[in-house]
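Chain naming follows the written order as A, B, C and D, and within any one chain the residues start at number 1.
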Amino acid sequence: MFTSETQVRVRYSETDKMGYAYYGHYAAYFEVARVEALRKLGLSYREMEDKGVLLPVLEYNVKFYKPAFYDDVLTIKTCIEELPSVRIRFVSETFAEDGSQLNRAEVVLVFVDKEKNKPCQPPVYFMERIASFFKN
Amino acid sequence: MFTSETQVRVRYSETDKMGYAYYGHYAAYFEVARVEALRKLGLSYREMEDKGVLLPVLEYNVKFYKPAFYDDVLTIKTCIEELPSVRIRFVSETFAEDGSQLNRAEVVLVFVDKEKNKPCQPPVYFMERIASFFKN
Amino acid sequence: MFTSETQVRVRYSETDKMGYAYYGHYAAYFEVARVEALRKLGLSYREMEDKGVLLPVLEYNVKFYKPAFYDDVLTIKTCIEELPSVRIRFVSETFAEDGSQLNRAEVVLVFVDKEKNKPCQPPVYFMERIASFFKN
Amino acid sequence: MFTSETQVRVRYSETDKMGYAYYGHYAAYFEVARVEALRKLGLSYREMEDKGVLLPVLEYNVKFYKPAFYDDVLTIKTCIEELPSVRIRFVSETFAEDGSQLNRAEVVLVFVDKEKNKPCQPPVYFMERIASFFKN
């Protein structure tokens, strides 16, 4: 299992008229947190894409417990619970400054060979980095 | 059961570097379609909020089958399958111009009394409008 | 001179905690209105881009007189006042439902040859369509 | 004169199909940088708003020299060149990692008394903090 924490501050542009961080923006927050999680593994999502492997989202499920507000610093915990194959699943949880959990999401993405426009196995270097967290 | 169709055109600002409509924007598309669905029922979401009833999202689950692209006109089918109570569940499906289905989502929202900041029953006029679609 | 009007409804996701349509979203509204203006001329921005001519923004100046609110239907008036050359300038003005003007913007874009990554003249078919509005 | 620097990383959701950071997002980047600039002065924009003073944007002028790309870390230099009165003017400049300047903006905002819904002088504590940078 691999776990990473990233912080995101709610921008004014991301609030809505209820005063909440608009729920639709968590997709972007979780993506920022996924990319930072990969960076901590020494993996650059940008580079992987430049080398011809895309990672579009197949499935996104999120439950909201509490809202976040303007200027709040959110901690997003990103977790890879199983060794990825053609698909990779992230669990993303958001916590407020007081430690209370705001929501929990699962995001499933698929590795896609850009040239062939078809699902593919993750790059070898990608698997090598991640595999070390799943040895027993 | 109540069903409604709304069209949304993908904006340049909503595309990403893959050339897709960024998946995070469907939250906003579905919301536009929900509000238009209510409008067809003679219900104004704006008015309901002005009268003190909010409708935040509790749960959002979406599966993506195919991406949409810049300038595509998407048809979003919004469906209320059960009579709402404190919660209301919408099924949202997006279709491309060629009729193919791009994704399917479920969105669960909760009626909230703004003053008391607590879940509440839907307004009476709201239930009256919707109830007519669930008589047998 | 060429003038076109397009309507845009303010989405919930576009409001901010002041209850206003967040001012940063007008860039996207004006872009929607520009693309619709071109469509009325028989020009597809998507097609032009597919044929290798991009149109990035060089300059964007906007003055805000009044805010817009959730669910408001805004009328955006888009005007091309001079015959374009390598650059094209649009004047965009937003009006509320009561006819009052909310803001006024100027947007200057540049035609760019995608292959060469250099500024270029507008495509011939583009100029032919627009030129008819500038004959005297 | 008061100057501050803030860093922002371009999110995937902020890219467009040209591969650029969509130009409309700079409004949000500049706002993040303004709020961080105020924070360095010991001023919380959130608190000021909670105390009844809003700061909507009156004017926004931006010239783009070069685009930014996905995952780029942008440095935004925010400058207050004159002592604010009812209006406050920020100059915002964005720089790439190689030091090259990507754009330059001016943003004029107005202090508004939320209760009266009218322009007002900045709060006394706000002026005190800023004034120290304009003594000679």
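Descriptive notes on the structure:
Note that in this section contacts are C-beta pairs under 8 Å (C-beta built on N, C-alpha and C of every residue); 3 or more make two chains touch, one makes a residue touch a chain.
All of these numbers come straight from a predicted model, not from anything done at the bench.
Taken over every residue number at the interface, the positions common to subunit A and subunit B amount to over half, indicating a same-residue contact.
For chain pairs B-D and A-D, the one joined by more C-beta pairs in contact is A-D.
Of all chains, B has its CA centroid at the greatest distance from the CA centroid of subunit D.
Taking each chain's centre as the mean of its C-alpha atoms, subunit B lies 34 Å from subunit D. Separation between the centroids of subunit A and subunit B, computed from CA atoms only, is 24 Å. In whole angstrom, the spacing between the mean C-alpha positions of subunit A and subunit D is 28. Under the contact definition stated at the top, the residues of subunit A that touch 2 or more other chains are 12-13, 17, 24, 27-28, 31, 49, 70. In the complex of the two chains, the subunit B residues touching subunit D come out as 12-13, 15-17, 19, 22, 24, 70. In the complex of the two chains, the subunit A residues touching subunit D come out as 9, 11-14, 27-28, 31-32, 35, 44-46, 49, 70-71. Looking at the complex, you find that subunit B touches subunit A at residues 17-18, 20, 23-25, 27-28, 31, 49, 54, 56-64, 67.
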